[in-house]
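Lettered A, B, C and D in written order, each chain numbered from 1.
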Amino acid sequence: MAFTAVRPLRFGDCDPSGIAYFPSYLHLLVGVMEEFFDSIGAPWPVMMGERRISVPTVRLDITFSHPGVHGDVLDFALGVRRVGKSSLDLIHRITCGGTLLWSAEQRIVATDTDTHRARPWPDDMRAAFEQHLESTNV
Amino acid sequence: MAFTAVRPLRFGDCDPSGIAYFPSYLHLLVGVMEEFFDSIGAPWPVMMGERRISVPTVRLDITFSHPGVHGDVLDFALGVRRVGKSSLDLIHRITCGGTLLWSAEQRIVATDTDTHRARPWPDDMRAAFEQHLESTNV
Amino acid sequence: MAFTAVRPLRFGDCDPSGIAYFPSYLHLLVGVMEEFFDSIGAPWPVMMGERRISVPTVRLDITFSHPGVHGDVLDFALGVRRVGKSSLDLIHRITCGGTLLWSAEQRIVATDTDTHRARPWPDDMRAAFEQHLESTNV
Amino acid sequence: MAFTAVRPLRFGDCDPSGIAYFPSYLHLLVGVMEEFFDSIGAPWPVMMGERRISVPTVRLDITFSHPGVHGDVLDFALGVRRVGKSSLDLIHRITCGGTLLWSAEQRIVATDTDTHRARPWPDDMRAAFEQHLESTNV
């Protein structure tokens, strides 16, 4: 099963045409991704601050299917697609009341916070991702 | 030739790891896209307010090649790839000092601001896009 | 007692110096204010969309006492200070683990969503504010 | 004379009620402040990165006088009010076509980027502020 999180679509996330402003959607997405890392025991303040691991995005393919409107309750579902040596492929589906609003495929890469160079995932994080991968596929 | 715009990468666009926060990149991108519409004589306040045409994004595929850092001067280049009946395919390249930082392919669709349904491009906008398409290809 | 809400301080709310970016604090504050209106039975989508009442801010005085850092859990407390004919004075205190990070005094005004002109609070909203005012003072 | 900067009020800075979203105003304000520091020879990437000086805001009092609407061209004017040992008091006036939209009084403090503790302004920055102070008053 995928990691899930709920976010109301707030006034400040919408634009003058009354629908979600897509850069705000992505700000929400990054927050959900951070919450996913909390859930697997790798909170970002520790991961980035002490372990010096950053997780920049290198690919992001988004399809917006249906406009989100102010007041919508957004259901984020995040699944693990593939765990590479230093990369991680995620899939996101964002629905409201069962209707798909948008979806995204995202590749992040583990980097050294100081040099910005790719580095392998540490064993504990890799194991957590793989457990999530298996449970995603069942 | 593509439409171009310059944007400094400001403090408020960067994250605790010291590089550009990607949702902020996309906020900048929307601003550049709005400036492109200014340049073809279709400023958004009039287009959306009076003509009731909105231009939501339906597809966005982004590749982040190199991290942008605070103080970088970003060169945005926007080209027209294809003009559909009610869609428009854009390509974006964002460089700093000639180095590619990120690129994106984007599809937007003309919709009725009130109903959010797709509608054809008006003739003047279509002509402007096509002129840009030709000049992009030369 | 004041209305309260909890918000983690996320990666995307922090700046390259590693502390909260204050415009992001204010984006969170607007979300908390919207949640307060939910709690008194005046959700903004209905209030703005159907009843045509907007609530712009006309005064905002903020004191930042202590920097918030990535990973802090923020406790927002919102109290009603004064209910005017068409204005509302709010006070906000944002703490982390009991330490005051920042506080704000805010005046909002009820306006007509279409004309942007001030208008009196409707009776139900005024009653809800006043109940909150009393309970805040006890 | 004050330092000035021009900013169009873009689609992405406005809210569903069609006017400027105030946290976006403040994001623009921080960018203007950064540009002011550029103008006095203290660009933030160098100031923060090499000299380890940060400039957090400790007080901000804002009055919103008139709503800004999508498409407005905003004229930011920034003046220096007072130069303290480690503090700096700024005043901001934001107008559109001569009409005051909002104004703010802001106190920032020089801190050590690593310890977040107050520190005195270096001589070159103090001198630049004071020159601006004088020229502001003339």
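Quick note on the criterion: a residue touches a chain if its C-beta (ideal position, glycine included) is under 8 Å from a C-beta of that chain, and two chains touch if they have at least 3 such contacts.
Keep in mind that what you see is a predicted model, and the values were worked out from it rather than measured.
Visitor: When I count C-beta pairs in contact, which pair ends up with more: A-D or A-C?
Guide: Looking at A-D and A-C side by side, A-C shows more C-beta contacts.
Visitor: Tell me which chain's centre, taken as the mean of its C-alpha atoms, is farthest from chain A.
Guide: Checked the centroid distances; the maximum from chain A is D.
Visitor: Angle of the rotation mapping chain B onto its copy chain C, from a C-alpha fit, rounded to a multiple of 5 degrees, please.
Guide: 180
Visitor: Could you state the distance in Å from the CA-based centre of chain A to that of chain D?
Guide: Once rounded, the distance between the two centres reads 33 Å.
Visitor: Can you check how far apart chain C and chain D are, centre to centre, with Cα atoms defining each centre and the answer in Å?
Guide: About 24 Å separates the centre of chain C from that of chain D.
Visitor: Nearest whole angstrom, what separates the Cα centre of chain A from the Cα centre of chain C?
Guide: 28
Visitor: Identify all positions of chain C at which a residue touches two or more other chains, and write them in rising order.
Guide: Within chain C, the residues that touch at least two other chains are 11-12, 16, 21, 23, 27, 30, 48, 70.
Visitor: So in the complex, which bits of chain B are touching chain C?
Guide: Of all residues in chain B, those touching chain C are 11-12, 14-16, 18, 21, 23, 70.
Visitor: State the interface residues of chain A toward chain B in the complex, per the touch definition above.
Guide: Touching chain B: residues 16-17, 19, 21-24, 26-27, 29-30, 48, 54, 56-65, 67, 113, 116 of chain A.
Visitor: Applying the document's contact rule, which stretches of chain D touch chain B when the two form their complex?
Guide: Result: residues 10-12, 27, 30-31, 34, 43-46, 48-49, 69-71 of chain D touch chain B.
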